[in-house]
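What follows is a set of structures to go through.
First subunit A sits with subunit B, and in the next complex the same chain sits with subunit C.
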Partner chain A sequence: MWAYIVRRILLTIPTVLGIVVLTFVLFGLVATDPARAYAGKNPSAATLRAIRARMGLDKPKWVNLGPTVQSIKVNSKGLRVETDVRHGLEEGGLVSISGLTPGYLDGNYKVTAIDAPTIFFVAPPAKFKLPAATTTPTTEATTSPSGIGAAPEDDASELLKNPGGRVRPVGLGKKIAAFFDSQFFDLLFFRFPKSMRFEESVWKLIAVKGPVSLTVQLPAFLITVALQLVVALYVAASRGKAIDYVVTVLTVVTLSVPAISVYLLLQWWLGARLEVFPLAGWKPGIYALQFAALPILATVMVTIGGGARFYRTVALDEINSDYIRTARAKGAPKRRVLLTHVLRNIMIPVITNTVTVLPFLVFGALILEQIFQIPGLGNLLVQAIFNQDRSIVMGVTYIISITYCVALLVNDILYTLVDPRVALK
Partner chain B sequence: MRLTKWIFFGYLTAIVLIVAGIGFSFTVEPTRDPGRLYTAFVVNLKSLDPAICNDVDGAAIIGNVYECLYNYKYGVKPYELFPQLAADMPEVSEDGRTYTVKLRKGIHFYDPWKKAFEEGKGPEMKASDVVFTFKRVADFHLASPNFSTLFQGKIAGIDEWNTYTEQMSNAGRTPDYAKPVEGIKAIDDYTVQIKLVEKSPQFRYLLAYLGAAVVSQKAVEVYGDDFRTRPVGTGPFVMTEYLAEQRIVFEANPVYRGRPDVDGYAKVADADRLPKLKSMQYDYFNEPMPIWYFLQHGTFDMGRIPKETFGQAIDPKTGKLRAEMVAKGFDLDIDEDPSIYYYGFNMGDPVLGKNRPLRQAMSLAFDREKYIRVYENGRGVAANGPIPPTFDVYDADAVDKYSTFDLEAARAKLKEAEQINGGVIPELSLLMGDTSTDVRQQAEYFVSQMRQIGLRIRPEYNTWARFQELVDGRKTQIFSLGWVPDYPDEQTFFQLFYGKFAPPQGINSCAYVNPDYDKIYNEAMQMDRSPERAKLYKQLVAIVNEDCPWIYTHYPKTYMLRWNWLKPFPVMDYGSGFRQYLSADLDKRKQMLHRK
Partner chain C sequence: MSTLSTAISPLPEGVQAPVEVTPSVWRGAWMHLVQGRLTRICLAVVAVYVACGVVSLTPILEGKIEDISADSYVAPNFHSLSGLFGTDIQGRSVFWRVIYGTRIALEIAVLASAIAITLGIFLGIVGGYFGGWIDEIITWIFTVVSSVPWILLVLALVYALKGVKFFGRPISELWLVILALGFTDWVGLCRLMRGEVLKHRERDYVQAARAVGAGHFRILLRHILPNTIHIVIINFTLGAIAYVQAEVALTFLGLGISDKPSWGRMIDDAKLELLKGVWWQAVAATVAIGILCLALNILGDALRDALDPRLRGIE
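Coming up: the complex of A and B.
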């Protein structure tokens, strides 16, 4: 079994990788600028740049090949290399500047930071002679050495422009670390940028909002499963009788009525009309249960039908099998037959059906939380989508998919516990 | 079998506990504070940091805590400024570029969490705090969306400071706030000098914009990133509870000076002391219906009327509050918003840009009265120009030739337009910034209006973010948009047609360029409010009306329902912190709610 578990975990890795790539590509396709959405009605370029930097959008998308060299300037202290992005380099490191004209800066040079990491100070090797400070980008190779004179730093003149060139750290460790410093790998390694709207990490938000969603979802889940099983077993045992038809019709009704209309109806009827429950909102502490009651009821009503119908079918298969007939024939009471024999044997489909929904309990129900104004994760996700809060949407999507993968694994392991015939190899 | 039994009983216990817990929770009713004002708020607060917050609703909430140098006189219209944290109106140099602002003395910050200031009461607000505040708005690391609205390109040296902070931020270092900025100086503890790049009569209004509310350097440093949820200000209220997207509670600031327009040392008689209500609670709801229900129950003291229940509250024949609502105890407040909704043309578009008769024809074919009646429940005034009510230049009786509904004239204009175009006008696209049913209906209405004169329009629905991107990039033909002014000077609308802002990313979204217009605009920008300037402003309106870069639709009205225990109050469209003036007959509320 352990071999199986290890193999499953290993198999999860490409799945997760696929999920990240997909999330990332999808967000790339939707391609609106979240910084623009955040900035409001009249942002300037500087404002947008600042917001992007805070959102982590100024990082390279996939892999970090190092910042592009925008220009190299010469001044009294040597060379100044200006780059476009801030990531991927650390202060005082060694960098190699590739893509520059050979004979100049090809190779590795000692670099100290002036305004690291965008502006570097490249100290020339002793034999290397600096060209004059007045050259144009294309003729730099032919100019005569000078420029290390007394020119003040502000007079640093542009020596060469090389839009294609890149600045890279030297040293394998740093090279690798810098390579992975991109938006894609941030997501893959769970390094989500802070949400712009909450100034809070995605993890913290999940920790705060997850319990709220659970307060509604967990009780609703427990009650639903219990009711589903009771109803399914009872109806299966009285097959063909009036109660069977009534329940079947009811389950079909709950299956076909859209959830949102049930929510609105209950809110209007029990909340606004009869004033039995508070109709929406939330308060922390014990009061939360008061606000959770109506959403729990609504969730139970909406979700009970599907499972009840499914379990009834499964239970019917079992009830008609030989061993049940044997049990009944040897005089076991009906209740005992249902609760021990049938129930135990329909556990596999029940577990499949229930365990896989467990991760979604934490993440709440999007529409439900919106309508009943429950400040849980479902609500958070809806608002994040409206507000283009990318780090939340991507982070939560990603975490949901991973927990789902884990739930599937747990599912398989549980099979072996309830049914010894199943062996994981 | 043992285990199964345990699981079974455990499960049963869990369900019993849940049901019992829910039952118990209903017996412990949370108490309502009888002295507290309860209202709803509907926006996701971006931040409680004034430098970050740039939406009207957010500003109304944090304006309870923070104060600006100037603010608008309560209930006075046309709007007028008064010195709030400043001691007097600014002293402006002859060239109009240097503002000297004296500060009030004895005003203190208050930290209800007692972390930045141990006693709660902080040090006196001084000129250095103002300088710090302004520099902070321009700090790259903060990414303040207010920077471009407020200071960028306006205060001398501020852009250089912004660049410097960008470099420091890129280097992962903290900028040195001791580094001087030419345009913002503390002359002494109570005097601030601001130097502008060029003369700008509108600048004084920006000093009353909540983004420039004065913050304490100490509090910012102590709270760091938490500052966005820990407002430490000088205003009438302090925040005592904050649950993001749930609830915000304010209590009266114990060290408040009693009125916004006096010094900290002033003696204010107890009867005159503000805030009148000592406690306020905002509950967050992003759906309108719960707010409506709670308003009906008296849980909220006032609230807006959602579209769905408009007929329940307002009699469509008279436009007044229904008798049963009045009997219940409601009052209705109607306010004309100083904003405008319009359909903009992209003047860079080859079909629309060069064809003035076409734009005029479309404007003539749009029935504004019907639109307001059917789609806005009558909540609006048909627009007759780019400037909405409450501004000097607005004239309710003025008739704009092209903003009247006249199909005959529209068809004639369209003929002209077809000649210019050299044939039938091709199908035009209409860009909408939302996908909701309301927006779809509005777009369909526009399509039907244009069909009357034989024009084909294709509506396109986008998310707001994508919409902005397309409009900013001038990749549109016709788009639906509105404008809410930042300050009570017509310039806030006129800038939307200024040629310098026409290139992509500028706020002149329709990319309208007219040298005559720009000339008058430049001239008017140098002038203070005066009859001469009003004359120039009217010329600007005439030019825009004739050129039709927009189809003006309407100036919206806000309908607010208020329980009559809450005294009537003027709606202020600019400025902040006006909740301190609200007063209520709390005994009456108790009685009325009890009677129910």
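Coming up: the complex of A and C.
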């Protein structure tokens, strides 16, 4: 069994890699330039570049094989940083240069090359003078492990001898880190750029918005599962009677009517006409209950059908099995047979459904939250689609997919623990 | 096969072989649908929708759906056919727009299904039949695609394809929806087909075909495909429901159809009207979708019962 579990975990790795590639291809190869779409009409070149940098689009797509910051130009006074938002340098700031290997200084500034073979490093403005133009060509800097030692006679060499805590040799770790400094690996390692609109990291937004979604989704989910089980058991027990027929028709109806219509019509009927619930909106804290009630009701109505039908089929299989007949023959009352024997045996599909659905509860519902103005993650995602906030759309899509993948894994493992026969197949 | 059967035929010339009268699976399924009262009604309903769609393909409705001569928000009335479901904000007849919406729904359902079915069948039977690394790759692809929640995948694909030039012109909204749905929904079918082909691959009739020298292509197309095609048909009815509903969701999220009176757009338009008490546009579109999906759901279930009861419970 443990061999099976380990194999199952290992099998998840290619899937996760596939998800990264799929997400990256979907969002990386879009026809319209995301920066241009965000910038609106007629952006200046500098604005566009700044947006690209903030979106992380200035990085190379797959791996970083060369220098990344291309926007440094040499002039008579030193180096002019044109746009380097990512590394925190102001536009037009002066920096000095020296022969150094590419890598990192102080963990903040990146040494980059402009028109190799001359290699420069950037440092805080106005501290050092421009060195003589005879810097050593050390393009393939990776061969020099110390990384320092070029152009010993110029001013910058003073800096190198006495770095004052600023200059450090470029270690292998930093070099490897630089190699993975690309859009693809940003996605793989969950390094999402900040949201353009909220100026917040995607994780922070999830932490803030997730609980709001959960407030609606969790009660709705629990109520739905409970009702589904009750309905499924009751209907399965009275198979062929009128109630079975009515419930079957009702579940098919709920599967057929579009969810959006149910939301809108409930909102209109219970919110606007009967004024039982507030139309839409949200308040934090305990008052959320008042606003969450209608969305919860709507969610239950929309989602109850599919599961009820499925559990009915499962329960029917159990009811027709021998052990139930034995229990009934022994004289166990019908209700007890249903609640102990049948219910316990249909818990496996119920748990399977539950575990895989759980992560989605945090991510909320796209359209529901939009209609009822719930400031949850679903709403955030829809807004992000409208606002071309690429980082959120990509980040959330990726996180959801990975979470789902992990949930499937956990589910399979749980299943194996509950029913060890699975591992033998 | 025919040469083989004549060669081994033990019957002398002129003697008729006794013909066994067993109704084919297809005929049986059709009888199942036609004989049940409920399924007969559903068949009729779907036929009416198809008829509406075909009528809308002709230019008959072009003038009617944009006719703004009536007043804004006239409640449903029986004075004329146009006013049967009332009018929208611009005074356009909701009735004709609902009829026209049938065309868009059917276009999406048929064309997206065509893409999904083609992909699903191809990848499914290739993976299941050949096995080995081909199967590994195909399994990997559908595991990955099915890990991304469907609606998000569709949204991402619409987002990605928006603005792509095809023969110098951007892809129309309708085709964006069709492509996004078709290229994401082949996974379920592929998985089912692969599983089924995997079983059939070792069956006697396939071995027999192989023994008489049939090539892979012939075995797949003439022998395995006809024996697994029922999955496709059941999948089609359920897929059509998903596509019609997905169009509504996509349009609501601003990534669907905005230039034609689709049902999704009508519901989207109605979200503000409802609060003013104008319910007819939302209700008309909802009922149109609801009845179509209900009929397809029932037909899908009936088809599944008739063709392959084992598929019951696989959603």
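Assume the second predicted complex is superposed on the first by the 301 of 425 C-alpha atoms of A that agree within 3 Å, B and C clash if a C-alpha of one lies under 4 Å from a C-alpha of the other, contacts with A are read in each partner's own complex, and residues count from 1 in each chain.
Operating definition for what follows: a residue touches a chain if its C-beta (ideal position, glycine included) is under 8 Å from a C-beta of that chain, and two chains touch if they have at least 3 such contacts.
Bear in mind the structure is a predicted one, so any value in this text is a computation, not a measurement.
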Subunit B versus subunit C as contact partner of A:284, first or second or both or neither:
first
Looking at the overlay, does A:260 come into contact with subunit B only (first), subunit C only (second), both, or neither?
second
Would you check which partner chain A:371 touches, where first means subunit B only, second means subunit C only, and both and neither mean what they say?
both
Mind working out whether A:50 is in touch with subunit B, subunit C, both or neither, as first, second, both or neither?
first
Look at A:272 in the shared chain and tell me whether it touches subunit B only, subunit C only, both, or neither; answer first, second, both or neither.
both
Pick one for A:299: touches subunit B only (first), subunit C only (second), both, or neither.
neither
Of subunit B and subunit C, which one touches more residues of subunit A?
B
Going by the contact rule set out at the top, does A:314 touch subunit B (first), subunit C (second), both, or neither?
second
So, does A:183 touch the first partner subunit B, the second partner subunit C, both, or neither?
neither
Footprint overlap on subunit A, where subunit B in one structure and subunit C in the other make contact:
32, 272, 279, 370-371
Considering the complex alone, what residue numbers of subunit C touch subunit A?
140-141, 143-145, 147-149, 151-153, 155-157, 159-165, 241, 245, 248-249, 252-255, 267, 270-271, 274-275, 277, 279, 282-283, 285-286, 289-294, 297-298, 301, 312-313, 315
The answer for subunit B against subunit A in the complex is residues 1, 4, 11-12, 14-15, 18, 21-22, 24-26, 28, 30, 44, 46-47, 54-55, 140-145, 147-149, 152, 159, 162, 166-172, 225, 228, 243-247, 283-287, 290, 293-294, 463-466, 468-469, 472, 505, 507
The residues of subunit A that touch subunit C in their complex are 14-15, 18-19, 21-23, 26-27, 29-32, 252-253, 255-261, 264-265, 267-268, 272, 279, 306, 310, 313-314, 360, 366-367, 370-371, 382, 385-386, 393, 397, 400-401, 404-405, 408
Given the complex with subunit B, which residues does subunit A contribute to the contact?
32-34, 36-47, 49-51, 53-54, 86, 91, 113, 115-119, 197-199, 219, 222-223, 226, 271-272, 279-284, 286-290, 292-293, 296, 340, 344, 370-371, 373, 375, 379, 383, 387-388
